[in-house]
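Look at the two complexes coming up: subunit A is in both, with subunit B in one and subunit C in the other.
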Partner chain A sequence: MGNKEIISPGGTMKKLFREIIKNRNCYLLLLPTFILLFVFEYYPALSAVYYSFFEWDGFTPPRYVGLENFIQLIFKDTVMAISAKNITILTLFRVIIAITVPLFAAELIFGIFNTKMAYIYRTLLVIPMVVPSMVNLLVWKFVYNPQYGLLNQFLKAIGLSNLCRAWLGDFSTALYAILFLGFPWISSLWFLIFLAGLQNISTDIFDAAKIDGVTGLKRIRFIDIPLILGQIKLILILSTINALQGYVGIMVLTNGGPGNSTMVPGLYLYNNAFYFNKMGYACSIGMILFSILLVLTYINLKYIRSSEEG
Partner chain B sequence: MPKGIKFLSVFITLCIILSTGASGFAQKKTIRMDARDYYPRERLSTDRWNPPTYLWKLEKEYERLHPDIDIQFIRPPEGMDADVWLTTQLTGGTAPEISEQLFSEVNRNAYKGWYVDLAPFLEKPNPYVKDNKKWKDIFLEIAIATGKAADGKSQYVLPTGITGTAIFYNKDIFKKVGIRPPSTWKEFMDIQEKIKRAGYIPFAFPMAGEKMRANWSLRTIQDMILDSKMAEIKGVKGKIKRTAIEASAISQKELVQAIKRGVYSARDPQWQEQLRLFKEWSKYWEDGYLGVDSQGAYMLFINGQAAMMYESAAQIKPVEVDPLRKFEYGLFYFPRITKESSPYATGISAAAVGGVTGAGSWIIPYTTSNKRLVDETIDWLMFITAPQNYIPMANDLGAAAPALKARKGLDKRLEPFVKSLERGVFRIESFYRGLTREYAEAFYQILQQYLADKLTLQQACEQIQVEMEKAANALIDTHPEWGIKK
Partner chain C sequence: MRLAEFKHDLPFHIVIVILVFISIYPFIFMLISSFKTTEEVFHNFFGLPSSLEYRNYLDAWKEVSPFLLNTIIVSVITMFGVLVLSSIDAYIFTRFDFPGKDILFFLILSLLMIPGILTLVPRFLVVRDLKLLNTYWALILPYIAGGQVMPIFILRSFFSSIPKELFESAKIDGASETQCFLKITIPLSKSILFTVGLMNFLNIWNEYIWPLVTVTEPKLFPITVGLVVFQSRYAGSAAWGPLFAGYTIASIPIVILFLFTMKYYIAGITSGALKA
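Here is the complex of A and B:
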């Protein structure tokens, strides 16, 4: 409450300043965090805005080119066009998966009445969180290996050897193989957020729903989902950001190939910045990604409202 | 006195005492070395052969001689492109005092002022070599020549590792099928057909990940196919002879000029022939080669599934000692293309792929100069390149022969690769280092599409031509001193 008074519109600057002096130790303790945030987060982001208007190799003096980088990127760059198409497919798929599968898993665990069993299942679903993502990626690389891979060996074992292929080296399957990464797609973090949301719903509501005959899928649709809309919104934003910016998995598994069939803007940005030394151009890719994310986040915040927000 | 202030004063006093005490000790100068292939490390349980360790021995010996110096070894993070890593270090001003980079990359970046010119130091005596007057005298001339900058004077890199390539073959499979190593492209295709019919993979070829094998192959094929055109490309009359200095016959500037004049063009059917032959060969590679990396190809060969693989001297030690190998192996050079296989062939032998471009292309970044550590770093480099140190170090690694005049004690297994250079190396870089990195990337993507039948030969070459012209223009922008008009 006290904080609200300090920053209320009616409060004067003088009063605010006095409060800051009064709580100077707290503000001083926050200062290093803000300095580090500025140096490592805000300054690079702001400088990327600046350098997106330059041709710059990262070392020699930059040359101002105006909007040339953006014009090239949006209207002439064929690799960027392929990347945009790929990332749209990947993002749509990953966001839908991020919302549905962990929610489904959370509902299943939430529905277990035996607390001991629920705890065991919850732990089992969270354990994968501690496995480094690189290990996961290397396992998937092995699964897709055309000669020794688990997938082709399995297909051979069940008599479907005609379906065997180089999953990551085939133009027609590489992107889908990337989509399939991480199957069964239960992200531990998203799962925990959903479960926490469900556990936060008052039992009175469930009791009332039960009396009214709202059970099973109906309960999920009319009670659970509206009441965890805040969590859904959060995961929608975070998974969109992750999916749009993500490229590490692709870099490890296909490096954008074969051809450019799995190229995504994040990897293209990385290649331009560190492989082609085109820092200015890379910054302009970053700017476009940032703008898209900003618009999507705004739409999300404006049009999806949780029960708490009314 | 408040408790906090009392604590602060005690803390500051302690800091002053400690810093005064520390200054009493002589501070060591640290030389961080990105030793790359020579990076010493302990053998891991997953290793199938011993990793290099010899630098540890040299480090100890050197630090005993120079107690004020502390040598530290570093290397790029596992899985990261070493050049990308070094570029970021150089850009950020945090590069190690000594590092490794191929001469082609060094020449690409030299205009940025990233490297210390080693030429004056090469004129000085190496104190670790008996009776040496000039350090450069201990190296083969091709080593010094390979590292020369475009101005012909500066020396921003000291290439000291000779490498070569060869086709490794499974002698047991060859014996079973009843074939011998081929000498012409026609024979090469014929034996692969026989191997395929016998149920083996004729050739393990990686087309995913790094682009080296495709680059080596296309360099060699291109050199034979464009043999009759070399002088025209260079813009002179007469014959352009091969030398042992990689891509020296036709410089980057001459290549750009040839592109602008239209004599080096992907629209030229003679140029296109290299891609046609490459694709013809690809039908003998393993299934899904677009998804197989060099490690995957190596495993196919070493497990006896594939009859051949194209590798460099760096694979000699692994193949020799790998416990997975249950067969005899042999080496042969890339086959000669004759009129039987292509109307453009002149019958010239295949050029060697290699040169003084193996492990140990040493550079000293500008940051070492900023730290006033150039003299100390040069001294360490002189120490390790002294034959009594460098030859055992190279033998321990087993990947590249030192480009030294002294050969005593050199591992005999590296000899065929050194010998391969006698044929002279390719005259034009195909795509990997010749123009820009962006061109290399685009070329490779187009090549993959062509191999997968996503593009016809004409479509692929048209796209390559666009990228080639783009790269030529980018280089003209970077090098206004060339005086070439767009």
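Here is the complex of A and C:
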């Protein structure tokens, strides 16, 4: 009994070692991936956690400040407060849009009997995805251009020139202009995922529903939505992640202005790191966003499991 | 029957046509205006161009093509790097059992939870300290590092659906593991590799923030950063014709790519999304 205990750990160690030697090619082939991941993913992620407790300009030795960055960000920093308010509005709006409008479009196209036309419409709705996203943003920047923009020219053409304004430069409209960007908000990718989900529902179910008199909105509510819940939740998670950390659009259209009226945490992080040289402070903003994402994703995943069981 | 079908569809058609039109109108406007002289953009704002001003494209091409070339070089190298690494990794994770396999796989899995915004600043510092700023490598290496994660999952689940008997009989016929990988797995996975590669290509094509901070020399700018510079110069002087021509040129490579590959891409998205 006693002997066994002494021998077996050594034995398993030896066996493990032999297994590792035998499979050395596996490790060798995985090595490039893990070197790259270590240098450009794990190490940066860990040092982001580390530096968030420091005051650091990126050059001189960092100075440990404990929770000071977080206290400053959460309780004192007025720009962060505006950013938090803006990102809450933007995220709520974008997530609701992401799960309603593309689904609406998918239902419309799914509802057409004429399959040829349905195919043409689907192809046309994929165009916005094919155009590079930067071109999309710059075209929208032009839409809002105060002098020559599409929106103001359109308002003039229909006799509403009194409504014309510098949409992105006006404190009262800049954030709404950002929200309106991409109208009618049919994201090609979400649309395709919803359409595929609907097309995967067996026709037997629809036939049975029809016999029971479940049609139209009733069918969507009681058959379609429960059966594409997986897709809805996937898009819920992905669009939350995208909306919460995204800031390219705002950077290109308003750069947070006028004033800080369209500032969001992502852009504020960027400015802190690359304009103000406050690397530690920027990492703290990243940590806050990461924590919020973690909590939201956890809630989403938990919700998925419970509703699929129920 | 035809009439009944049309009657049923009509309200759908009306709503969809309106939605589709508003969705793509800005791009139609871009295309039409790219053929107008700057004069005509003002005086004939919504109309069709009276003559095709092809010089817009010559002007814009001179400005935009170097950026386009940078992006093509970087995205092609990245895509190949991602495909090679992720297919080898996925193959190892499906075909072999070795100590620590689950831990290693979990390490890769955990990256899906780490947002890019968290790692942006320290990753920039790493690239700076490696003296890679203002090189293609500052873009390619981090792109491959992050870009391989999703493909490893997608390919692993695809590879594990290939019947084991196929490999066993090949082994009996004397095939080596390398041959099993190159002659069985890869040919059977052509379409999924294609989709994964295309998704990666598209992501790299649209990257803006990362090149903005790591590449400050204009001759290395990718198309995204280059377009913003181009936009501020041309919109400043209200040269809308060449500006829209530049946007159109920037869109053409992806449009052409999609014309040939859309079917695979859509199939890949919809099947991959269901598994996730």
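Keep this in mind: the second predicted complex is superposed on the first by the 265 of 310 C-alpha atoms of A that agree within 3 Å, B and C clash if a C-alpha of one lies under 4 Å from a C-alpha of the other, contacts with A are read in each partner's own complex, and residues count from 1 in each chain.
Quick note on the criterion: a contact is a pair of C-beta atoms (placed from the backbone, for glycine too) under 8 Å apart; a residue touches a chain by one contact, two chains touch by 3 or more.
Since the model is a prediction, treat every value here as computed from it, not as a measurement.
Partners subunit B and subunit C clash in the overlay (superposition on subunit A).
Applying the stated contact rule after C-alpha superposition, one finds that A:F274 touches each of subunit B and subunit C.
Of the two partner chains placed around the shared chain by superposition, subunit B and subunit C are both touched by A:G58. In the superposed pair of complexes, A:N255 makes contact with subunit B only, with no contact to subunit C. Counting the residues of subunit A that each partner touches, subunit B and subunit C differ, and the larger count belongs to C.
Once chain A of one complex is fitted onto chain A of the other, the partner contacts of A:P146 are limited to subunit B, with no touch recorded for subunit C. Judged by the touch definition given at the top, the superposed model places A:L155 against neither subunit B nor subunit C.
After overlaying the two complexes on the shared chain, residue contacts for A:Y121 are found with subunit C alone; subunit B is out of touch.
Judged by the touch definition given at the top, the superposed model places A:A81 against neither subunit B nor subunit C. Contacts of A:L168 after superposition: subunit B is touched, whereas subunit C is not reached. Two complexes overlaid on chain A leave one subunit B stretch from 21-29, 75-83 or 273-281 clashing with subunit C, and it is 75-83. Judged by the document's definition of touching, subunit A residues 58, 145, 148, 252, 274 lie at the interface with subunit B and also at the interface with subunit C. Interface residues of subunit A facing subunit C in the complex, by the touch rule stated above, are 16, 19-20, 22-23, 26-27, 29-30, 32-34, 36-37, 39-45, 47-48, 51, 58, 105, 108-109, 111-114, 117, 121, 123-128, 130-136, 138-143, 145, 148, 150, 153, 157, 183-184, 186, 189, 192-193, 196-197, 200, 230-231, 234, 241, 245, 248, 251-252, 266, 269-270, 273-274, 279, 282-283, 286-287, 289-290, 293-294, 297. Taken together, the subunit A residues at the contact with subunit B in this complex read 57-60, 144-148, 164-171, 174, 252, 254-255, 257-260, 271, 274-278. By the touch criterion given at the top, residues 5-6, 8-9, 12-13, 15-16, 19-20, 22-24, 26-27, 29-30, 41-42, 45-46, 85-86, 88-89, 92, 96, 98-99, 104, 107-108, 111, 113-126, 130, 141-142, 144-146, 148, 152, 205-206, 208-209, 213, 223-224, 227-228, 231, 235, 238, 240, 247, 250-251, 254-255, 258, 262, 266, 269-270, 273-274, 276 of subunit C touch subunit A in their complex.
Contacts from subunit B toward subunit A in the complex involve residues 79, 81, 84, 87-88, 90-91, 111-112, 114, 207-209, 286-292, 296, 299-300, 305, 436-438, 441, 445-446, 448-449, 452, 454.
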